[in-house]
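Two complexes follow with chain A in common, the first pairing it with chain B and the second with chain C.
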Partner chain A sequence: MSAASPNLPGTPGALAFGAVRLAFGALVVAFLLLPLVAILPLAFTDSVFLTYPMSGPSLRWFETLATSDAWKRSIVNSLIIGSGATVLSTVVGTLAALGLRRELVPFSGVLRSIFLLPMVVPAVVLGVGMQILYARMGLASSYLGVIVAHAVLCVPFVLVNVSGSLASIDPALEKAASSLGAPPTAVFRNVTLPLAMPGILTGAVFAFATSLDEVVITLFVAGPNQTTMARQMFASLRENISPAIAAAAFVIIVLTFALLLVVKGASLFRPQRNKQRPQQT
Partner chain B sequence: MTIARLKASLLVLPLIVFLGLFFIWPLWMMIATSVQGGTVRLAFPATAVAIAQWNGDGLPSPDVQAALIQDLRAEVVQEVFGDAVRSLNSQQAGFRTLLPRTMTALRNAGADATPKLERIDPRWSQPSFWLALKRGMPAYTDANLLAAVDLKRGDDGTIAHVAPDMAVNRAIMLRTFIIAAQVTLACAAIGLPFAMLAASLGGWKRNFLLLAVLLPLWTSLLVRTAAWMILLQDQGLINQILKALGLIDASLPLIYNRTGVLIAMTHVLLPFMVLPIYASLIAIPRNLMPAAAALGARPWQAFRHVLLPLAMPGLLSGSLLVFMVALGYYITPALTGGAGDQMISSVIAFYATGTANWGMAGALGLFLLVPTTLLYIVYGRLSRTPLGQA
Partner chain C sequence: MPGSAAFIQFENVSKAFGTAKVVDALDLHVGQGEFVSLLGPSGSGKTTLLMMLAGFEAPTGGAIHVDGKRVERLPPYKRDMGVVFQNYALFPHMTVAENIAFPLKMRGVGKAEREARVTRALDLVQLGHLQDRKPAQLSGGQQQRIALSRSIVYEPKVVLMDEPLSALDKQLREHMQLEIRELHRKLGLTVIFVTHDQGEALTMSDRVAVLNRGKIEQLDTPSGLYDRPRTRFVAEFIGETNLLAGTVSARTDGVATVVLANGGSISCAAPDGFAIGSPALVSIRPEMLHLGNDPAVLNALPVTVEDDVYHGDHVRVHLSCQGQRLVAKAGRRDVVLPVGSQAFASFNRDDCTLVAP
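And now, the complex of A and B:
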């Protein structure tokens, strides 16, 4: 029995209501999934146009990604910058989540809100500030500069995921370990860390996905040598839309979901426990 | 306990330092740049110090003249000098010829000579030029902040509107708020019933609906925007389907206009509406609606007086979240909108990357940063679940 239809089942009113609900649900699901479903096959088109019907399967656009200098370089850059930003944000984010765990630090709540701010502050605003700062620090158009800028955006995702997994640890487990004589470092290494690991890994995947998808800050702080895959996609979407974009999108989707599947495993189908990530821009 | 506190603080310290350096400081520098005195000060540093002592009556003391001579003899970057001359000329016509002429005369006179400025050009004996110079180099200025909302300071210091053909920023700010509001409404109109539907179902059906919300959320924003560009183009799937159904004869213009922006942004932000509403709905005891029905409430009454009030907190935080994030959108309007659909972010990007006018970019950025931060504070107060947790 549905929450919104207390009519008796089987009456014409209930049937019509059920049909409307079904149609509405199907329409919204189509709206949500159609873009994802529509773009993937076009990665394999033979044509130079991004339109249906497709003109036969081909890998020519993946070949373009692998052979064109601009695309090849941008993919390598994305991997370098993504890895750097992931390591940096996962380390500082995990440490902070551990520190904030028991609210022992003064102003824990305020700190946590501030740490999540990079999710909310418009990317363009942060981009302007970063551009001014980097011009003074000499970090403009450097790999280190882009990695640091991306890591700032990644930190909230690490913090949220690690805090979530730390909060779900039963304190009795750690108490039991120390009452059995384990020193604090052993408790941390053998109990806390393994239990927090799923959260840390999920945070790292979201961090990597965030860096992979980042365009705006990259436009402000990266030079031509640090062009990432996302920035290359953005540029070609503005100038000459080619199916290479669909191939790049395919790579990004497959990479993100493969990583997610690896770390989330079965919990993928317990969506209510997953974290949302507000997307900048 | 104190040692535990110290340890915890040490763990948090790296992130505080990291975000302090690369998040708070850049934002602060952006704000500082927007109110700093600007290029005239940069081009005439000695004069800026000396002229601050002059009260503006008559002609300034010989010290100020000496400082100006020193500044004009010093090597200065051509662009900085050019910007300063333009800025001064807009305050007092004549600087465009006066400054280069004075500079050339001083260089020709040799480093040891101490010429009189009035001899080089009689305009230096007019107080109005010195006054414009003094006004042109304040330590702080509200010029950028005023310009961001299409205002300026007149010669007498009063605030006035800029010429109507130059006044574009207010219109773009208004457009930004309107688009964000439209997207929020669209998300609420779709998200509320969809979340109710998901909460009313059970088992695999509920999981399927939630997965349909989460899959786009986990997909790159750029990929989703690209997908909408493909779907909405004139030869795109949507137009093809509508034609095949015989609903239209010619392709509908769905992209590079407001329609495209609203469709793509609604798609991107819909999950942020559905998830908070869903979270507040599943917290409702399952027997409330049957209880309302048993007590004689018609379905509409039960919805209006039981379900909707209980869904309200989720609807409110979802709306705040969507509106707040939508305000700062740049990529999606840039790709799916036309020239008349660009939001404030694109103007900021234009000033920062197009013309390197960081003062204007910072001022406009401040007008985007302040409402976003205020909404975030309200969101933090209202929502039971902190940001990032559905």
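And now, the complex of A and C:
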């Protein structure tokens, strides 16, 4: 054991490596979280400017959100459009994931790529395209139009999540159900769907969050009546940089986190404890 | 061999994946209430055969009858067979009781009767106290017993088991072998059991089908397979054997004289076939070889002791007989000859058999 083995636990080499790893991890986390730390406290400022130093704490900007017609309207719009887009994209994305699961459809690889395209195509391109299309179809400046546009963006998130949870289902489970007398619809209802549910819920949360902060496409396809929170923030950023934006951001983040907690909480109550009790046979 | 009428019939069944023939024009008849094992190395087609019977694979040729009906076009859920999978395949999101109730629910059995039958099925495997647990909270052996009771609770025509014990440790495996055997006897189940473990096949089955390259090499009782292997593959696959090459020089009913390639002649029990002049292999199990100094007994081979290996309950003696290596198993009461000594390895006419080379 005279040769240097830097990765043995307890040796100076291992400790140094561990410290570097920890520092790097902390840096990445800081990089991700610092912007939030910078903006969020300003939601509670009593000043009319979105700048530091804060002169004193106050909830006046949340009051603005709740009382100003434009902001109230935008919150309601965001909820309507977000819910619609979530339901639509979750249904479409889940069906797509099921259809593409076994690669039985010809060109399923190509199809999957097409479904994932909205993740990579620049939002501006999609937005312009949709604007032209919607003008022809008479969908411009309608709730349905914005919901469909958002759903297009959300489908990839649902598809990826549901595909992931479908892939983790042991095929023997569905075979077992079938051998036990379950026709295909019963196998789907009793086995496939419940086991895919965590992925479907996670996909739905991603979809809602995506819709909530979508700006670019909304700018192209939404009329003044469909102004969402994100768009309202964008608009007021150009006019006057008021701390109401920070308050709105706070609301969006809290909403997203709450949803995430609900989904994670739901999956926590499912007993996934694989460590069994003392073996007794 | 209970139930002689063919309850399950494979007639000329083939299965090819692309150009690879996994099952090749195979015939197999299984009687009602019989416990038949499909034994073979991986790739021999045993699991494919089971999957065709369960309905997860369609044969590319031939017919499968169960209880007088052709089944190869029926989907799995209409076949009324219980399948026990290698990894148990318990539904992780259902409790033990819900798992066992599932096939009853699919058959429209009412709630009260369902509960009664679940309780009975759980009692059968002595796990009634675990009915509200989730599968992940059970040990491997418990999960296996739940899977077993789920596959018999609806009294299927046949229970198919695909290497159900391979994930368990040795002690538990042997315990479960006895338990499955007992359930089979108590309930009169017809069982098709796939395994690559010859010990398991020999201890559990009424009959064993040894598969090799998509064909059945031999279908026989465990003792038939061990004592009278028909082919070289079976002789070598089941247990351990010494094979001596030679030519049949004389034969009467049931007995053949074989002149060995390296000199000497042997009198040997012989099945039909093996006409005079045909090449044959004499198969002698290691425990049938006795070491001694008397060259006058029947079937005595001159040998040199090369090595003794102690195995606790027996000693393996490695021998060389004119350049060919042989193995003998000596019991603890047998005389152990020192390494390097000359001796004669002898065996009875009925303790060896002829197999095709």
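Basically, the second predicted complex is superposed on the first by the 235 of 281 C-alpha atoms of A that agree within 3 Å, B and C clash if a C-alpha of one lies under 4 Å from a C-alpha of the other, contacts with A are read in each partner's own complex, and residues count from 1 in each chain.
We adopt the following convention: a residue touches a chain if its C-beta (ideal position, glycine included) is under 8 Å from a C-beta of that chain, and two chains touch if they have at least 3 such contacts.
Note that the coordinates shown come from a computational prediction; the quantities given were computed from them, not determined experimentally.
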Which of chain B and chain C A:172 touches, first, second, both or neither: second
Which superposed partner A:15 touches (first chain B, second chain C, both, neither): neither
Partner chain(s) touched by A:181 [first = chain B, second = chain C, both, neither]: second
Which partner reaches more residues of chain A (counting touched residues only), chain B or chain C: B
First (chain B), second (chain C), both or neither touched by A:230: first
Chain B versus chain C as contact partner of A:219, first or second or both or neither: first
Touching partner for A:193 - first (chain B), second (chain C), both, neither: neither
Partner chain in contact with A:144 - chain B first, chain C second, else both or neither: neither
Set of chain A residues, in rising order, touched by both chain B and chain C: 271-272, 274, 276-277, 279-281
Footprint of chain A on chain C - complex, ascending: 54-56, 75-77, 79-83, 85-87, 89-93, 102-103, 106-107, 134, 136-142, 150-151, 154, 172, 175
Chain A-touching residues of chain B, taken from the complex the two chains share: 4-5, 7-16, 18-19, 22-23, 25-30, 33, 190, 193-194, 196-197, 199-201, 207-231, 233, 235-237, 240, 267-268, 270-272, 275, 278-279, 282, 286, 289-290, 292-293, 297, 299, 302-303, 307, 321, 324-325, 327-332, 334-335, 345, 348-349, 352-353, 358, 361-362, 365, 368-369, 372-373, 376, 380, 386-390
Residues of chain A that touch chain B when the two form their complex: 1-7, 21, 24-25, 28-29, 31-36, 38-39, 42, 49-52, 91-93, 95-96, 98-102, 104-106, 111-133, 136, 148-149, 151-152, 155-157, 159-160, 164, 209, 212-213, 215-216, 219-220, 230, 233-234, 237-238, 241, 245-246, 249, 252-253, 256-257, 260, 269, 271-272, 274-281
In the complex with chain C, residue positions of chain A that touch it: 170, 172-173, 175-183, 186, 190-191, 194-195, 270-274, 276-277, 279-281
